[in-house]
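Presented sequentially are two complexes of subunit A, the first with subunit B as partner and the second with subunit C.
Presenting the complex of A and B:
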């Protein structure tokens, strides 16, 4: 198995950075799921697709705009009407879905290499993300598991809340280093760890 | 302790000494001081020179509305001008300098302007310098000549040119209730709204929350109001649903209840914390807004009202109570309302002697008489100040009896010694944000002020509620009651009666006498910042200006950094009197954002110095490590050349292109746009999108496709691979990837929603390497496993799947270079691994890496088009691609492509050019038929791309030339006067090299 190269490598410096003398309030990392799959249902077939997600991953995805779920290993969330991102640690998720998501239900697109997943966690995660994205990150407005499609710096980003103070940001691989550097810089103020 | 600093009182920390400099002189102050209070404490009262007349000026106010004491703050090489000294918090190492003076603040040469008197009235510069003929300088040329000198003499501070190294940030915030202003009304509103569970943001431009509670000397629930404020703030601080934003000016109110605010995060610190920004721009989306922005005290307009030592009454009260500084030892007050009496008592308590209270009203109330007595002041009712005395500081004033019913002065003038004169002309609610939100202010005759209209909580665009002095409720008790009600209402709850804090305040009537000006001899300033006098306003009237908006433009009243915060109403009142109309009929100007100056850096925020993100291919780091010179192509960075030591760009790309044609070359093509087109109707969709047929394409094959725009002009080209019956991989040009994606999404969403097709950008999923040249197939054969790559398995436009170095790859045989070539795609995360494996395999065959220059050279030699030729003006026929226009089906653009103008014979068509003088050609150069170098004209076209062709040994170009095809074999000239290039060229076919494609097809 050939290991995948991270687009962040030259700027991925493990350790504490910024104003960390009084503790770090943000942890940044790359989650590197082996599979990232985009699923899209034809109009009217959304529930079938949600059922397919459950069949393949065991994740019971709530119905509704931006709804999502994460079990710590696999994650799924809606990012547009009838469209979902599913990520997991095992390779071959796209092949597994291809067997279940028939042409009658929708399409499966493997984007495992094409997206980079950056995780930001910690008590100041909302604060740092709010510097970039004009969306409400408060827990009351953005529930755990839910996803959002948004944009910053002309870069499309899909964000899933995977914990009370934890978010996974999916960005196009070619932009990932720019996003990473911007996140690191924005986190300096509160002190951050790269893990 | 300095002579003006009180021994006790104020909210400064006397144990903490701060050192700073002003105009090069070292001073000390205390933690909690502003530059204004610290300098005042040291007896420094001359803080600026006026805009036009260079008159000496001191502090007029204690807050953001300060028009006089503007300073420049220096941080290293960076200078920030025009900051009110009242808003600069001192810190160790602060360096501030005064402005608009030469050579010094005390001795300013341009003070001679004061002698100009009436000459320099409103409109002087335009009347004098626009139009006259002075020697060779006529009309505006004379003005242009003089402007430099006039601008040097007039104005505010000057901006620096050093790069600002500070950090700026943006913050997006959402809340249920935004409370603007943290005085008693704002604090009550924030508390009440948060009690209801609402998410609250409380913003105030001052560093210390509490507003007037910090300096009025009132008591709330038996304790000093400042203590109540501190306790309330502490309470709010402990709540999860409340965010407090001190030092934050809410400066703009926009549609959808979006408000803009500027937080001065670290201006008050010697050094910002690590990673801490200087300023933070807040974009706040609030469900509801409570405007508790208070009110500004107005000056009175009388001769000499701008002399240093003349100050607003509440400002002096604030300096005494909040900063422990007395603005003078012997103080007189001049007022048209009751609020100044409280200031007199406060200053008396702080240790000053109150010489007199001069009141324009004939009969101040008994309460006021009592307060005057308490202050130890002589009460001079029905009197007015008619002049001030002194040089650069006040030494005394002149009084006269005054009849406020007709404005007449009578009786003998009387002199009085005083080193400080406080004035109060009533209060104007700070309605700027409501005005920005569209609220039309209403004149209140009792308050003599423009008040905001009724709350617009149910407005379709803006939802705000007012509270406190903002609404004209000037008493603290009323403000607190309104604040609570506003907070509850803003949170969407119903107000229920509750016990309110008990306020013990000095009594007073909130309504002033309608007196704005005392007309006597001498300059009476209305707008201190722009040196606009009462006479200027009357001059504007005499010259026919009737609209308040025109008045503003003619006199500059209300312009500059303070935007007329203290001058608007007095100016308006004087204009109204001149017009003989009541004030409401004259109207007021609409306030626009920003409320106070905003740093441009904060608006740029994280984009400051970094205007665009970098887009990198998966092999980017390999390219850098292996000597590539990178080239910016849109957001992408691509290798231009891989130069050997000592090579020029031309030498490098010629070597790379020649080696590719002779053996093999490899180039990173990961930037090509790649779009997955999937679904049962994918083939049908592509038939509609492309000019040629795709539904007939076999699985495992690729086809070159051309797209037109709806208007029939060429749009984009690329190959599309059929990976499955319902699964296509479309490639686009690098530059047009985004546009093509939008184009496809638009047609699927809007025009053909019935088609079952999904499109997904997979540009970043696949890394691409194009390997071409006579040895390319052999190289692949040595490293590809799992599939053959021979002609039978992989014919031209065929696709196979295999592995390279244990990584799955897709290989398509297609060519841009004109050689036998293959595009090898793999998952982007494996790209460098595969790239290096290909290079290893290619070593024995002389494989070279090549960049965009060689890529461009080979495509020019082949006559392929790119965005330089598909430029939004050319048709498929212009580019000789009409063979791709299917006649069997309609497609996007087919209905419009045959319009008369698009098939005219004189259109620019693609041709090749060969330089006959063997000199380089330039992109953009014109093609002319004339031989006259000195007078080239009648361009017949232009060059779109050019290079030295190693295959031909000549400088060649592609060009768009009128009737191009018919001109093949003729000669013309290239004309590029800007770059000094003129020379003969031969017009030939765009297919310079291997026109039959023998090398490509093998």
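Presenting the complex of A and C:
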């Protein structure tokens, strides 16, 4: 496979940064899934699409707005009515879905090259994200596996909680470096590691 | 002002785009009824009270929403999808209703 260049590269500096003398409270990294696929069901076909996600990935996506699931390798979550994002480490997820999601069920869009996935983890991850997005990041309001669609100013972000203190943020690739730099700046005061 | 999106839950108004008066009835595209077109383009109820409005959750799920907003108090009494979403994948999670 062709090695994909990260848009974060010029500003991706592995190591500890900011006010880390008292401990690192945030870890920033890029998850670099080889496949990111957007799926949309025609009205009334949502359950068929959820079944297709299970067939292709083995993930049992819970039904409901913004519901999601992650097994550490593959992730899926709803981000709009009848619309889902599925990400995985293996290439070719879109091709696999194209065989299962028939035109009667809905559509498959390969956005692997169009999105960058930034992961923020650690005890202060919620606190840093709260500087950016006007949504409730508390575990009681935002369950593990669930997804949210929101914006930071005009930059679209789809966020999945992949752990009690871990979030994966999907942003347009062309905005990713700017979001990355902003996340680094916002994490300075609590001390952060880039891994 | 918060708008409770039927999919995303309560969100700040900055995530939404106003799409206009929800009371307008667009004439058939081929219609030559100038009165009807004039009413569609210019006539507004401008009520001091509940107002039917179309909003898009442009900074979220991007669904178009039918909102009833009180123009005096900004109180929102109803938010529904403009287009029906019958599937259960469009129901809010129970946790979003808190």
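As a convention for this text, the second predicted complex is superposed on the first by the 195 of 195 C-alpha atoms of A that agree within 3 Å, B and C clash if a C-alpha of one lies under 4 Å from a C-alpha of the other, contacts with A are read in each partner's own complex, and residues count from 1 in each chain.
Keep in mind that, in the parts below, a residue touches a chain if its C-beta (ideal position, glycine included) is under 8 Å from a C-beta of that chain, and two chains touch if they have at least 3 such contacts.
All figures in this text were calculated on a predicted structure; none of them were measured in a lab.
**Q** Would you check which partner chain A:185 touches, where first means subunit B only, second means subunit C only, and both and neither mean what they say?
**A** The answer is first: A:185 touches subunit B but not subunit C.
**Q** In the superposed arrangement, which partner chain does A:99 touch: subunit B (first), subunit C (second), both, or neither?
**A** neither
**Q** Kindly classify A:44 by the partners it touches after superposition: subunit B alone (first), subunit C alone (second), both, or neither?
**A** Second partner only.
**Q** If you stack the two complexes on chain A, which partner ends up touching A:135: first (subunit B), second (subunit C), both, or neither?
**A** In the superposition, A:135 touches subunit B and subunit C alike.
**Q** One more residue to check, A:143. First (subunit B), second (subunit C), both or neither?
**A** Second partner only, subunit C.
**Q** Check the residue A:13 against both partner chains and state whether it touches subunit B (first), subunit C (second), both, or neither.
**A** A:13 contacts neither subunit B nor subunit C.
**Q** For A:175 in the superposed arrangement: first (subunit B), second (subunit C), both or neither?
**A** Only subunit B is touched by A:175; subunit C is not.
**Q** Which touches a greater number of subunit A residues, subunit B or subunit C?
**A** If we count touched residues of subunit A for both partners, the winner is B.
**Q** Identify the residues of subunit A that lie in both the subunit B contact region and the subunit C contact region.
**A** 134-135, 140-141, 154
**Q** List the residues on subunit A that touch subunit B in their complex, please.
**A** Touch residues, subunit A against subunit B: 1-2, 4-7, 9-10, 18-19, 38, 40, 42, 103, 106-107, 109-115, 130-136, 138, 140-141, 153-155, 172-175, 177-179, 182, 185-190.
**Q** Quick one: in the complex, what on subunit B touches subunit A?
**A** Residues in contact with subunit A: 169-174, 199, 273-277, 283, 285, 605-607, 612-618, 621, 635-636, 676, 678-680, 726, 756, 758, 760-767, 805-807, 827-833.
**Q** Okay, in this complex, where on subunit C does subunit A touch?
**A** The contact residues of subunit C facing subunit A are 6-8, 11-12, 14-15, 59-63, 81, 83-93, 95-96, 98.
**Q** Which stretch or stretches of subunit A touch subunit C in the complex?
**A** That would be residues 41, 43-47, 49-50, 63-67, 78-84, 134-135, 140-143, 146, 148-151, 154, 156 of subunit A.
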